[in-house]
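The block underneath contains the structure these notes are about, expressed in C-alpha cells.
Chain lettering (A, B, C and D) follows the sequence in which the chains are written, and residue indices restart at 1 in each chain.
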Amino acid sequence: MPIDKVVASFDEAVADVADGSMIHVGGFGGPAEYPSYLIAALARKNVTGLTITGNHSGFSEPQLAMMKERMASLMAYPDDYFSPGLLVDRGQVAKGILAFPVLPGAALKVPFEELLEQGKVELELIGQGSLAERIRAARAGIAAFYTPVGPGTVTQGEKDVRWFDGRPHVLERALKADFSIIRAHKADRWGNLTYRGTARTFNATMAGGSHCTIAEVDELVELGDLDPESVVTPAPYVQRVVVRPPQAVSDWRTPC
Amino acid sequence: MPIDKVVASFDEAVADVADGSMIHVGGFGGPAEYPSYLIAALARKNVTGLTITGNHSGFSEPQLAMMKERMASLMAYPDDYFSPGLLVDRGQVAKGILAFPVLPGAALKVPFEELLEQGKVELELIGQGSLAERIRAARAGIAAFYTPVGPGTVTQGEKDVRWFDGRPHVLERALKADFSIIRAHKADRWGNLTYRGTARTFNATMAGGSHCTIAEVDELVELGDLDPESVVTPAPYVQRVVVRPPQAVSDWRTPC
Amino acid sequence: MSAPRFEDKPRLDESAMAMRAAAEIKEGMVANLGFGIPMLISSFVDPDAEVLLHSENGVIGFGSVIEDPARADRYCINGGGQPVERRPGMSFMSHEESFTLIRGGWVDVTFLGALQVAANGDLANWKVPGKISGALGGGQDLAFCAKSVVCITTHQTKDGTPKIVKRLSLDITAPRCVKRLVTDIAVIDVTPAGLVLREVLPGWTPEEIQMVTEPELEIPGGVVEMAL
Amino acid sequence: MSAPRFEDKPRLDESAMAMRAAAEIKEGMVANLGFGIPMLISSFVDPDAEVLLHSENGVIGFGSVIEDPARADRYCINGGGQPVERRPGMSFMSHEESFTLIRGGWVDVTFLGALQVAANGDLANWKVPGKISGALGGGQDLAFCAKSVVCITTHQTKDGTPKIVKRLSLDITAPRCVKRLVTDIAVIDVTPAGLVLREVLPGWTPEEIQMVTEPELEIPGGVVEMAL
C-alpha cells in the first residue's frame, strides 16, 4: 500500500474531530492564511466545546464583511475567507489560547469579547512568541522551556519563575493539541508541504504540534515534484491532506 | 553604506578569535560539511584554549588519510577536507562538548581520546539531539528546556530533573558560543544562506547560536538571487561570509 | 494628574510621527514594526537604504506598504495585514522562527504603540481600560527582547491625560523596556537618571512639554526642534 | 555468566542480520537507521515499498547505499557517512529539526547496535569497557524517544559472554527502551513479563539459545525459524 494521506473532502478530513477537542488553528489573519475550508467544515459539523489556539479570535460574518470593505482600498479579500470567529460566533468554542482575543482598537467588539464578557468562554492570554514556541515544543518533544518573556506581567500568572543570566524567566509548557488545521501551498501524497510567502506563519509552526495535522492545500503535486531542499514541513508531521476547490465556495454551509 | 558581510579571506574571517573562545564547529563528518577553510585558518592562527562543540572530535592528519582510503570504495573525499581533529591534534582545544569524542569502534584512537586519557582536554559528553537543541535555544533566546532524553544516564550528571506527563525530564541549558563556524552553499552579501543536501545538518543549527557566525560558502550570489521561500538561514543570524577558493587548497598551512 | 490641553497648538498626525520615527532606523539595522502606527514607518524608510524590516508574522527585508489594490500581494503582508513590497534579500519564515529572531535578541529596534510609559521605561500597551481583556499580539515578546524599544504615541489621551507617567496605572506589558519616546510633540529618552527631553515640536516650549508630562523631565541645553 | 561458544554452529553475518531486521519495517513507517550494522538495512528494504528512512544527520526518504563511487553524492549521505540514493518524496532538514522529529516521537522504529541489553529492555551501547569515554552520537535520543527500538547485535561477545543480561554491567544508554532484539541466532521480544523467544536460526534449538542468554527466556509454542 503506497502512502496516501489525501482525503477527498473537508467534511471527511474533520470527521473524527470530537466535542471538546483542542485544535491549533493556523494562519495569522491575512487573506490567504487561514485553513478556511477546514474551519467551514468544523462549523458544518457543529462540534462544540472546542479549545482553539492561534493568533486572533476572528470575526463574525457581518464584521468580516465590514473588515473586507475597510481593507478594499489596499487589497481584495477572497470570498472563501473564513476565520476562527465563525466557530466562536456559533458558540462552538469553550476556550481560546490566543494573542488577540479582543481587538486592539475599541471600535469593534469581536464575538470572543462578547462571549468573554458573558462568561461563556474561557481565555488563556498569551503572546505570539510564547504561543509559537509552546506549539513548536510539542512537535519537538520538549516538555517545557524557560523564556525571558512575561515575568511580572499578566502572562506570568501561576507559572514558575527562575533566574538565568541575571534575568527572570517564565516556565512555559508544551501545548500539544488533538488536531492542527493548517493551510499550505503545495503538498504531495506523503504530506510534504511548502507554503507561500507570509502564509507560512503559524501554519508551519502548528504542523506537527498535535496528534493529527490536517493540511488544506492549494495544490497537490506528484511525489518527487517538491524540491527536497525546499520542503518546509516534512511528511511525518502531516496526517491528512485535502485540496482546496478550484472555484471558491463562498457559503460555509455548502458541503465540500 | 550597503550591508556587506563578505570578508576577503579566511584569515581575516577569524582574525578576532581569541584564546579561550568557545566555537560551534558545523558539519557532521561527511566530505562536504565541515567549514574546512575556517578550521584551517584557526590552525594557522594557532589560537589555543578553545572550547569546541559539535558532533565529532575529528581525526589527525594520518588518520584522515586512512579514513579517506577506507572510504574510497564508496566515495572520494576532497583534498581540502579538514576536521576539528586538526585543532585537537595541534593542542589548540581545551574542552570539547561532543557527541562523538571517541570513535564507536575500538580500532582507532582519535586525538581527542589520546588527550583525554592524558588529562589534557576536558569533555562534556552530550547526545546530538540535546546538543542541537541547546544551540538552537541560544539562537532562540530560550534559557533552558526540559528534555525527556538522559535521565538516569551519563548525560543527566548534575542537571535538574523534573517530571512531566509521567516521565522524568532533564533541564538542559542554552549553549551560546563566541563564534559559530559553518559551511553553507550559497550566500548573498546580507548573509542569507542556503545549504546543500545533508550538508545542512549542524551548520544550519549553529547559524545564530553564537555572538558571531562566520559562514564559509561555495558561492556568493547577487542580492535577490536567493528565493525568499528557500532561504534557510535569514541574514540577521550571520555576521561574516567568506567564499571558498575555486581550486582546492590542500595544505592547511597555506594562507588563504 | 490633569494637564492643560493646548488645543490651539500644533501636533503631529500619525503619519508625521511615523516619519520622525523612521529616522531612528540606521542602515544595516534589523527593525521590527509593531501593530498600529509603527506599520506606517515602512513607507518613510529611504528606499535606497539597506535596512531589514521585520514583521512578526514571518517576513524580513520587505519594503513600503502597497497602496494600489491592483498591485497587492496577499502572500506578502505585514503584521497589520497590509500588503508590502518585495525587495531583494528578503525571506519568509515560520512563526516560531520569527520569534526566535525576536526572543534571541536579533532585532535591533522595535517600534511599539503605548497607552502609558513610566519614567523607568515600563510600558503598558495591551489592555485598554474598561475592556475585559486586551491584545497582546507579538508586542510583549518584542518589548521584552528587542535590543531597543521606541514607543510612538500621542503625548496625551484625548481628554488631555498624560500618557507619560510616574508609575503605570494600566496593566504592564514589559518592565523597563522603553528607550525612546516619539510623541506628537516631543522626543524623550528614558535614561537610568530619568526622562530626558531631546526634541520639541516647533510651536511648543520645553516648559509646555513638561506641563503635559507627569514625571519630571530633564531639559538639557541641547534640546532641538523635531525635524521631519 | 560464562556460556558455551558453539563454535561449529551457524551464525548470521552483519548483512544477514540487517536483512532480517529490514523485515521489521512496514510500509508507511518512519524508520531511523542508527550507526553501524543498522546502516546496512537500507539496502534490504524493498525498493518498491513506501517507507520513510530517516537518518539523524538530517535526511528523510532516502534509499539504499550507493556502492559505486562514480555515482556517489556527497550531499546525500546517511549517519555513517555513506552515500545513499535520492528518492521521490525525500527532504533535507537541519540537525535541530532532525531531532525534533526524533524527540517528538515521530519515528516509528529505530534500529540500534547494542553492547548489552537487559531483561527489562535497558540498553547499553555507547561505551566500550576500558575506553575512557564513548560515542553517544544520536543513539541516546533515539533510544529514549523512538516509538519502538529494535537492537541488532551478535548474541555473544567474541569470547562467548552473553550480551543479553539480567542487569547491565556497562554504562546505560537508556532505560527500558528495547522492544525487540535481532541477533545472529535469534529474535527475542522484550515484554512486560520478560524476554520471549520468537525466532531461532536453523541449526539451533531454543534450549541452546537459552544457554547463551543470561536471563530466562519464555519459550512459547510458536517459536519459528528465522527467515531471511
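The rule is short, and it goes like this: a contact is a pair of C-beta atoms (placed from the backbone, for glycine too) under 8 Å apart; a residue touches a chain by one contact, two chains touch by 3 or more.
Here the structure is a predicted model, which is why all the values come from computation and not from measurement.
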So if I look at the partners of chain A and the partners of chain D, which chains show up in both lists? B
Counting C-beta pairs in contact, which comes out ahead: B-C or B-D? B-D
Chain centres from averaged Cα atoms put chain B and chain D apart, in whole Å, by 28
With chain centres taken as the means of their Cα atoms, state the distance from chain A to chain B in Å. 36
What whole-Å value do you get for the distance between chain C and chain D if each is reduced to the mean of its CA atoms? 57
Whole-angstrom distance, CA centroid of chain B to CA centroid of chain C, is 39
Out of chain C, which residues touch more than one other chain, so two or more? 92-93, 99, 102-103, 145
Junction residues of chain B, two or more chains touched: 133, 136, 140-142, 147-148, 195-197, 228-229
Chains grouped in pairs wherever the two touch, ordered by label: A-B, A-C, A-D, B-C, B-D
Residue numbers of chain B touching chain A in their complex, please. 133, 137, 140-148, 164-165, 167, 169, 173, 194-197, 227-230
Which of the residues in chain B come into contact with chain D in the complex? 28-32, 55, 71-76, 99-104, 106, 113, 116-117, 123, 125-130, 132-133, 135-136, 147-150, 152-155, 195-205, 232
Hey, which residues of chain A end up touching chain D in the complex? 1-3, 136, 138-142, 188, 190, 192, 208, 222-224, 226, 228-229, 231, 234-237
Contacting residues of chain C [partner chain B, same complex]: 27-28, 30, 50, 52, 60-61, 86-93, 97, 99-107, 145
Which residues of chain C touch chain A once you look at their complex with the stated criterion? 35-36, 55-59, 65-67, 69, 72-77, 79, 81-83, 92-96, 98-99, 102-103, 113, 126-128, 131-141, 144-145, 171-175
